[in-house]
Amino acid sequence: MRFFSDNAASVHPAVLEAVSAANAPDTAYDGDAISARLDTAFSDLFETQVSALWVATGTAANCLALAALCPPYRGTLCANDAHINQDEAGAPEFYSGGGKLITVDAPGSKLTPALVEARLGMIANDVHRTQAAAMSITNATEYGLSYTPAEVAALGELAKARKLRFHMDGARFANAAVHAGASPADLTWRAGVDALSFGFVKNGGLSSEALILFNRNLAEEVKVRRKRAGHLNSKGRFLAAQLLALLKDDLWLANARAANNGAARLAAAAGDRLLFPVQANELFLRMTVSEAADLRAQGFQFYDWAEGEVRFVVSWDQDSREIDALAKALSAL
Amino acid sequence: MRFFSDNAASVHPAVLEAVSAANAPDTAYDGDAISARLDTAFSDLFETQVSALWVATGTAANCLALAALCPPYRGTLCANDAHINQDEAGAPEFYSGGGKLITVDAPGSKLTPALVEARLGMIANDVHRTQAAAMSITNATEYGLSYTPAEVAALGELAKARKLRFHMDGARFANAAVHAGASPADLTWRAGVDALSFGFVKNGGLSSEALILFNRNLAEEVKVRRKRAGHLNSKGRFLAAQLLALLKDDLWLANARAANNGAARLAAAAGDRLLFPVQANELFLRMTVSEAADLRAQGFQFYDWAEGEVRFVVSWDQDSREIDALAKALSAL
Amino acid sequence: MRFFSDNAASVHPAVLEAVSAANAPDTAYDGDAISARLDTAFSDLFETQVSALWVATGTAANCLALAALCPPYRGTLCANDAHINQDEAGAPEFYSGGGKLITVDAPGSKLTPALVEARLGMIANDVHRTQAAAMSITNATEYGLSYTPAEVAALGELAKARKLRFHMDGARFANAAVHAGASPADLTWRAGVDALSFGFVKNGGLSSEALILFNRNLAEEVKVRRKRAGHLNSKGRFLAAQLLALLKDDLWLANARAANNGAARLAAAAGDRLLFPVQANELFLRMTVSEAADLRAQGFQFYDWAEGEVRFVVSWDQDSREIDALAKALSAL
Amino acid sequence: MRFFSDNAASVHPAVLEAVSAANAPDTAYDGDAISARLDTAFSDLFETQVSALWVATGTAANCLALAALCPPYRGTLCANDAHINQDEAGAPEFYSGGGKLITVDAPGSKLTPALVEARLGMIANDVHRTQAAAMSITNATEYGLSYTPAEVAALGELAKARKLRFHMDGARFANAAVHAGASPADLTWRAGVDALSFGFVKNGGLSSEALILFNRNLAEEVKVRRKRAGHLNSKGRFLAAQLLALLKDDLWLANARAANNGAARLAAAAGDRLLFPVQANELFLRMTVSEAADLRAQGFQFYDWAEGEVRFVVSWDQDSREIDALAKALSAL
């Protein structure tokens, strides 16, 4: 029973159908009729004019955005535990031409204005220190916490005051949005976000994420950078079709809701093992080595996060019986 | 009637079926059972142990290979008209950290030992000039020419003598192999090639190319670079499945043969308009502006290559009637 | 007798005196009193407010400027024979993060609007081709040709029309200015130049070149890039002092005039061997291998430029008797 | 009275004399007779064959070494407070093409095997995490602590076991060597160090540091990287001459001893204000804002390091009366 990662989940049948349906010859790259619908589809969703680009991975979406938001000789503020800092093999430094990540120790990997201001206060304003030019938050965070619109807006105000461009890594934006019960607009551009990496692959997609540019002036540059990074697929229509299929009838929200609900059921069973409140589809639990071994012996797969800590992730397609079984097993520990 | 680019062609039904069939949960990234079969499948094809990696685009395959074959402070020899020099938006320079492409004016974009030696002779052996560390050829070339095994081997010997790593951009390797009637092994590692970008997308694939490392010591580095470039798809099994579907029963050869045959029929009709012999699925023709307009008025789509020159590309799925129509129209010009 | 390179020349005594005179403790980096005088000194010379930075080498000056003028995903137009393309070991690509040099075949390595427009016309306006964002000329050129103010201004107009930032590599700006008989202002910002690498080391300096930013908005970025490239010397006052010594009483012009005059005397002796008119301190001559050997046997040192071509450079401190001797020897060939 | 930084100190007269004495024409770049003596001079000093290169700044020396020791897709371990991490404006990331610094919280900025092993233990061995390929220590450290040969050797053994290349930033290597009373060899290559940035500018030099490569296989690459970074001065003999002047009769040790002795006198006066033992020429003291203001009112210049902490640096040329005055003032606080 897989609670290892939502990356391992299956693809939603509607996505596969859309891929098959896209299989007529059309113009290459992003010149096709399906790709042409993305700007409108996402502009409708976000209630403002956006530029929307398909890219194959969240790492590519994040790093294309960061490279456009921060010059090589400046830095991007992020949580120390942020995926961009820990799990992308140095992709941000590669894409940005050596830009530095300026890391903030943040409980639950959640930035706050106070934490960011304190970190900025440590940077002497001279030519020797890397000055910050951008800020990136992850929503939901690496520990499964969801930002409220007000929390994002507070960071957005700081960004404006400090002249920082503002990026959101939304690998699990869907799960965050479901928990927040807020509109995509309120969680992003209305709160000052310039660019969003909008994750679909973990949430029923196949090979397509969306990079949403609220600051549309960035689009020309980002499109060149996408090509230059080898991310301009020649049959882009198959990536565009995936995104449209997940937007249709709010399938992306339904999938995320299913995952979040499963996580909530497990959270109830986990009780005071929880290291963080469960606000998306991930659980971080205190657990001894022998307890973990016990669970694994029962067939549950999960990730050893740190000493005495494990991570469970509920996928959009998780079988309800698996969730019941795990909830029972956690209660029984 | 599309003769614009094989990038616009449809996906072979067997590929779509394989994608659908891959839709069970499995380990993320390239840890799944389908990706695990790639090394063996390509080792069988190439009659030697290789490392085979899926990547989304030919640009990524090319540039991952080049970055591993040439350090940032050296250069890679290639034809001036090579795709890596002209059509990848500076991706080789990006991936290599600023490595230089050392371009060679080559008829038909086909390198020969004499041309390469002459170019090397222009580089004073000092610290001011960028010294060459690698060589890249395209097979079939940008003008649709196919290398014989002996031609590749002659370049391979030069590479060995000059201590150059040797890369082949095989965006249309299938078409070249069909024309050469040679084994994949004879066209590559037996002739000294270290790494091959093996194209599948133009030839019936959806979103997966293969990067073949004959020098398997490169694999660890290239896998990190793939991640770092945002090209480690989280559901990699869907990319692996495409490649296996096209390898099965030599579907890749059948598709390429169909395209080459179509091009040969057009070549016969084009007569002395041909700028180069047709050895793959592309035709480059002399054509006046009014002739081109005439063809377009008849519904044919194609690319204006240069002043007085046009390009036609035949796809694997090109309708035979379209080929007949175009052949007839060319004859009638 | 050295006619090999003006890089090998001696340092003017006034420069050495200024270095010694600078030897009192002062604030580190460029916070000292001598560095503080640079902006004013060069603003006076150029008759406009400029930002002036010391840097140790012409390569650093060129590449700091180019990195600020052209983003990594765009290209810089230059002559194929330009120093930045041929002799800086890929420094422009390194500093710019992989920006491409877009080379123009130009007689005498001298760009003209017609040549540049023709080259631009070869770049399809799409995401696959590297679009130009900057242009760099060398004055005097790699073949010792000097631009008139009108020639620079014509390129400046083209730059403006095409939205290209405009850089001048003035490794031998002094020699060019002497020949042109024009004011530094007319040769640069009044003609549309954004940044000038102003060479002093070949012209009597020790280890300091000036990077002049007519577009002062670039200064903040360039200063960070200078630090980041390891070019913010901790005792910068010794670099600043060199520049001020050469500016004082127009010593830079006197030195350049001496070198140009020597070259003119040689040009008269070289007659129809000259490959290019002599407009600075370099001569490029047709010469057979045996003639070159003959001269070397007489004690003259010079550079084999290409097959059948040699280069002589006259330095600011060249002994008049050496020039007489070489003139005589050339006449006698 | 300047206790702000040894960067602001004067140049030793012997260095200025050597610069003047070098002023005869000679071959450009590093082809001159004086540069040619460096390898031998430093090989004698280090009792083994080394390659020794002049470079203008410590940042350049550090980053050239790091770029050669660690590929772009790996990381370099260093103390969090290391100069390369905090004070070089991202130069290591620039030179290495985006290589990551993997920082270690280390008291006194001094690495130990235990600290390094603990940090390595936090890096999962997969393609997502940046794996370490090199380690860099500063000797003396950023807090003026000196490593013993045994301490360096313990790190050298770890480096060997973990396959890490080993770099030492010796901006104040002279001060460290004086304190350790150890031979340069014992502090470096005998302890496993591959490359040393050997600082001279703070210690009486003008504009020349030495990059010492114990692993001479690195020399070819580093020389190209030096050129490519714009650090191959055209009149390199003036940089080489400075180094030879400071090596002569152990002037470098005499200068460092003078600075260390001055610091020791201040340390005695500072008593329990000392945050770290004084093992080189720097003092870090606890001090209130009003105390600092009081000292400044008496004419002492120094650096506010952190809240409640200040730094004093004693230079090689510090006037003994200034040291007496400061010692007295510290005692009187």
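Here are some notes:
Per-chain residue numbering starts at 1, and chain names A, B, C and D are given in the order in which the chains are listed.
Keep this in mind: a contact is a pair of C-beta atoms (placed from the backbone, for glycine too) under 8 Å apart; a residue touches a chain by one contact, two chains touch by 3 or more.
Bear in mind that the values here come from a model prediction, so they are computed numbers and not experimental data.
Ranking A-B and B-C by contacting C-beta pairs places A-B first. Chain centres here are means of the Cα atoms, and by that rule the chain farthest away from subunit A is C.
Between subunit B and subunit D the centroid-to-centroid distance comes to 49 Å (mean Cα coordinates, whole Å).
For this pair, subunit A with subunit B, the centres built from the Cα atoms lie 34 Å apart. Rounded to whole angstrom, the centroid-to-centroid distance between subunit B and subunit C, based on C-alpha atoms, equals 42 Å. Contacts with at least two other chains are made by residues 29, 72-73, 88-90, 94, 97-98, 127-128, 224, 227-228, 232 of subunit A. Across the complex, subunit D meets subunit B through its residues 29, 71-74, 97-98, 127-128, 131, 221, 223-228, 232. Residues 72-73, 75, 86-90, 93-94, 96-100, 127-130 of subunit A are the ones that touch subunit D when the two sit in their complex. Touching subunit A in their complex are the following residues of subunit B: 2, 4-5, 7-11, 16, 19-20, 23-29, 55-64, 88-91, 94-95, 201-202, 206-207, 224, 227-235, 238-239, 315, 317.
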